[in-house]
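Quick notes on the structure that follows.
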Amino acid sequence: MGNSFGHLFRVTTFGESHGGGVGVVIDGCPPKLNIDVSEIQAELDRRRPGQSKISTPRKETDTCEILSGVFEGKTLGTPIAMLVRNKDTRPQDYSEMATTYRPSHADATYDAKYGLRNWQGGGRSSARETIGRVAAGAIAKKILKQVVGIEIVGYVKRIKDLEGIVDPETVNLEQVESNIVRCPDHECAPKMIELIEQIRNQGDSIGGVVECVARNVPKGLGSPVFDKLEADLAKGVMSLPASKGFEIGSGFAGTLLSGSEHNDEYYTDEQGTIRTVSNRSGGIQGGISNGENIILRVAFKPTATIRKEQRTVTREGEETMLAAKGRHDPCVLPRAVPMVEAMVALVMCDHLLRHQGQCGTLKPED
Amino acid sequence: MGNSFGHLFRVTTFGESHGGGVGVVIDGCPPKLNIDVSEIQAELDRRRPGQSKISTPRKETDTCEILSGVFEGKTLGTPIAMLVRNKDTRPQDYSEMATTYRPSHADATYDAKYGLRNWQGGGRSSARETIGRVAAGAIAKKILKQVVGIEIVGYVKRIKDLEGIVDPETVNLEQVESNIVRCPDHECAPKMIELIEQIRNQGDSIGGVVECVARNVPKGLGSPVFDKLEADLAKGVMSLPASKGFEIGSGFAGTLLSGSEHNDEYYTDEQGTIRTVSNRSGGIQGGISNGENIILRVAFKPTATIRKEQRTVTREGEETMLAAKGRHDPCVLPRAVPMVEAMVALVMCDHLLRHQGQCGTLKPED
Amino acid sequence: MGNSFGHLFRVTTFGESHGGGVGVVIDGCPPKLNIDVSEIQAELDRRRPGQSKISTPRKETDTCEILSGVFEGKTLGTPIAMLVRNKDTRPQDYSEMATTYRPSHADATYDAKYGLRNWQGGGRSSARETIGRVAAGAIAKKILKQVVGIEIVGYVKRIKDLEGIVDPETVNLEQVESNIVRCPDHECAPKMIELIEQIRNQGDSIGGVVECVARNVPKGLGSPVFDKLEADLAKGVMSLPASKGFEIGSGFAGTLLSGSEHNDEYYTDEQGTIRTVSNRSGGIQGGISNGENIILRVAFKPTATIRKEQRTVTREGEETMLAAKGRHDPCVLPRAVPMVEAMVALVMCDHLLRHQGQCGTLKPED
Amino acid sequence: MGNSFGHLFRVTTFGESHGGGVGVVIDGCPPKLNIDVSEIQAELDRRRPGQSKISTPRKETDTCEILSGVFEGKTLGTPIAMLVRNKDTRPQDYSEMATTYRPSHADATYDAKYGLRNWQGGGRSSARETIGRVAAGAIAKKILKQVVGIEIVGYVKRIKDLEGIVDPETVNLEQVESNIVRCPDHECAPKMIELIEQIRNQGDSIGGVVECVARNVPKGLGSPVFDKLEADLAKGVMSLPASKGFEIGSGFAGTLLSGSEHNDEYYTDEQGTIRTVSNRSGGIQGGISNGENIILRVAFKPTATIRKEQRTVTREGEETMLAAKGRHDPCVLPRAVPMVEAMVALVMCDHLLRHQGQCGTLKPED
């Protein structure tokens, strides 16, 4: 249970870190969309391990095969299944984890829930699971762009206490990809990279904050009550490994303002569109998009798997010490950027189709 | 769409602020549970307007009628429908809102999405919608308590910059209910109340943070991947009106620590149970409960509807000024406490039944 | 579980035969649809007990109250909750059923599943549950008619071995409602009525077949694979009380033909539309509507509750005899007609919105 | 949309007849179940083409690869993905179908819905899609057998007008598999085979009826109202290609009986279990299993694709004649048997987990 996401644009991921492979099935994709596997691969390349000196050294090309749902370069409207084989697997590196729990990792809780787990490389709890999300997100992004012009840009906002200055109104993919830490503040980025390297050399890890903006969002997406747009965005990004917090618009800082300071006053722009002067709402009011940029932030904790020795227990509850082997990122933030973008795209695409389904049917004159 | 929540313990709310009433249908409640309507009413009383000098003066007893699903004091396993009639309705107070949008409220986005709205008292976007959640949450709480002993306690942690000191390990309902702001820090609570009154007198509003703890949670609840326990909790509370942020365990502050500082080391306690020394994970690892207390925080913005005059537009886009009439809370926090508890209870109860469904079937010897 | 139906146009029913009432919540209804409660009441009147000399004498007006989701005569896009109170309840008539199981009724299986049941009037297994379906179906019918011109007509095709001759191409509501048995064959109908009266006088019951046609169905509704249009129609009508069989198009008789006899050959009509010469497919090919009339049949068994004495057991397993008291129909067919129409409408409306959601988004030039 | 089935034991199939392959993802499988790929392959071998002289000559071994969810021979509780590659593909055989619609096939409706289709071998509407169902069904069968001892046996009951005599109480897999037409009546089977060969030689096709029994079903499975066990069974089998009708228990023939003839009277057997004397209910009353054998029948039409020349149209609506090439079965019935069994197993397994989820939680003393 729990391996599917979305209501009309519905993705189901599968796969463990070690084993046949990981992948995704998308059900509900609109037909006749032009799909080139290279577009999907480009997103996977942003996520893949071994992409830079500050990511895990595991060597995977993460080559994506489209198994179904695309014919002569176009989506069929039928399920799109995509598969990425696991190649550079080293189960022997993880043999200690078969019996010893890594602190703050999912080893112990999987055992508690299921009574067993695939301990090789973290099994299902590995961040390799997000390959399916990123592949599906690439298609969602394309739909959003093509149908309504929505563009989604994520970036590293903060590494530990190093915070970049970024303008969400204008930041673009090229700026984000211009450095390996994916922070488009060119002064801050080198310091972040240096900090990550330093921490890795200590056998330790760090966390930070990813910010993501969706621009050109039409008014009216999202549902009131439980499936508020911000609620589904929160669920989407809080389902990513290592996430600990979520903010939309003003977030926690907004609680320090009074209503008269916080409210986004309305005006009518030159095109006659109703707009807000400020955007503390983060583009969503009452769970529905208001046409302003959607801005959210996600807190990622420091990677749980570290080389430093820690106190822990075995499956049998015997106390022991663990200095984790295996390959892992000292900081998940750079690779988390495409993951956050993917989840935002999946939520937006699902709500676009849902809106079309409920509100696109009756003719204006009805 | 979007008015249902949960997978096995599934609630659907209905109703607008003004009109026949608001309510909920629960589908999937276990049978043979003892239900007394007074238990549900007690929770609704914590949520209802007019409960104290710092809440909206709208006078509603919010009397709950159980329409179905309970027979001779026991749940039947069939849908439990509950209805609360709207009584103290004053549509005339809201006539200005029929044409003028309140800043940072859902007036404009509902119009954008649906092309019309019930403008009386906020219609479906009114916090009256949460009556159904709180009524359902009362039943979820009872199941959690009875089946596995889980108890859920929420409280006001912060009002603007006034932060209370509360021990989540021990705080109880009586302490929370001992003052009208629902902050169990007896020194801080009077200051919070004073601040709220002062802000209200200025025709303004304020926000803050609710913290909530779930204790006695068994290991193994939650699903990996999309339906991680923290993801569903995030969605649940971020679907409450006025919420802007969510944290589990260490939250955003956790991003300032290194992995070796942040990780929760394991030990085995005297009963032979595997435990964690610290609880920065907030009781959840890899989306699955680890048996420690689940601790989360929700940021609520200042109430959007204020008496102070603000710049806004009409439905036709004409710019105007609005000083909102109608009755509203200067600070939603005290009444948000039972709402947060309800959403946490709904998530936990759903995952309890889901876990039982997937993992409770095969016999140990299989 | 299991009290909701549909994916985008989603209905949830609640209520027992005796108790506060029965009703429905519709989530996902398109906004701005004109709704008059009298239209819904008209459908409920076709379903209500006591409507004729061949139906149960229970006296219920089944008056429908719209609790939410409609404002100034238009749907809001928010949940539409409708409630019908139970009035003419006589629990004492059913006291024997508290302990004694009616053969072929749900008394024993509810006890087996839930460990208890509301034995008054059949509780949740009463056909009163279908009030919610019929009320929701009335709205679904209106959407189908208004958006794409679909009309749905059901009628009694056969009572026991008395089969009417009806032309599904032309039959209309007036013809169906012209007699109390709802068979538009004016020669056969009086014989059917006579047979039902005769059977009732014997303390016995009979069954038969309802046929239903959906006309003006656009091409392209339905999903391949699991949610084929005929699969959802089958589920919809097989979820009605007392149904034992389902056929689409040629049905079981079609298995006696060869492929060359059974296949519906194509031609192009004068408007340039691709049509089929015959319609053994019943308007659906590969799970998707082909633009021809959708024709289906449902077998309803004889009513289980009869006055004739039968061999049975008590809750404790003691063997006994039962001659059922209480009020019941000697033949469910006449009242099943609006129920079948409602389920067909709910399926069609849901698939209309789903089609719009998935396939209505990309612009033709994409 | 529409490519998933089940609520707790949820399968999603993907794939077209020609292209990378077909497969399935199962989400919600209980953990720690022993799985041997040979058990799944055995079911696929019953479904695969080319298995006998009366099936399509397409040569596929349909070799199943388990991609995820199984570790060291046991299910992990995580998604089980299974893939079967397409091997013996001959797109050129279908080139005529790129432009010409086969009567009573899904060619035209896919085009109407999606605006395009994979015309090679029927694309998604090919019966190859059922590979995923049969693979998932093999696992569902194993769970049902192991947890509660349920066994599911399907067989050909009728080919055109040749009806076999089979005792559902005792029929077993060996008897079914003892001949290539899968009719355990040894006198009738050779006649059926002869008829199929004769029809194929004429370039034509025939249909018939599959019957299926589920034995050792515990009381209490199924949900009242929409998800009645017979409703979900009806949906499951009516979603199979070429199905036109469904019956549970007495089916359409039951409508010819009076209530006193049709009702299943109760008695208490020697073990003190409440049983029914007859089983016209087909093992289900009020949507819930009563502990008797579940018996259902499915009507399958004659295969639509035939060599005989038929009148049809092209995509552009031009009238033409078609004598279909490509490889196809003259009668789907023998290969439909494992498909029906699979759908019955998927429904039963899902309801088993759902029942455990809702009703398995509260302790008896509660």
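Just so it is clear, A, B, C and D label the chains in written order, and each chain counts residues from 1 on its own.
As a working rule, a contact is a pair of C-beta atoms (placed from the backbone, for glycine too) under 8 Å apart; a residue touches a chain by one contact, two chains touch by 3 or more.
Labels paired with UniProt names: A, B, C, D = Chorismate synthase.
What you see is a predicted model, and the numbers here were worked out from it, not measured in a lab.
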> Taking mean CA positions as centres, which chain lies farthest from chain D (Chorismate synthase)?
Replying inline: B
> Is the C-beta contact count larger for A-C or for A-D?
Replying inline: A-D
> Measuring from the mean C-alpha position of chain C (Chorismate synthase) to the mean C-alpha position of chain D (Chorismate synthase), what distance in angstrom results?
Replying inline: 26
> Distance from the CA centroid of chain A (Chorismate synthase) to that of chain C (Chorismate synthase), rounded to the nearest Å?
Replying inline: 45
>> Centroid of chain A (Chorismate synthase) to centroid of chain D (Chorismate synthase), CA atoms only: how many Å?
In response: 38
> Where does chain C (Chorismate synthase) touch two or more other chains at once, residue-wise?
Replying inline: 1-4, 7-8, 13, 28, 31-32, 77-78, 113-115, 124, 224, 354, 357-359
> Any idea which chain C (Chorismate synthase) residues touch chain B (Chorismate synthase) in the complex?
Replying inline: 1-4, 8, 10, 12-16, 19-23, 25, 27-28, 31-32, 65-69, 71, 74, 76-81, 83, 113-118, 123-124
>> Touching residues of chain B (Chorismate synthase) toward chain A (Chorismate synthase) in the complex: what are they?
In response: 1-5, 7, 13, 101, 103-106, 108-110, 112-115, 124-125, 129, 158, 160-161, 199, 202, 204-209, 219-228, 230-236, 238-239, 241, 243-252, 254-268, 272-274, 276-277, 280-282, 284-291, 299-304, 306, 308, 310-313, 317-319, 354-355, 357-359
> In the complex of these two chains, what residues of chain D (Chorismate synthase) are touching chain B (Chorismate synthase)?
Replying inline: 7-8, 28-33, 77-78, 143, 146-147, 224, 352-354, 356-363, 366
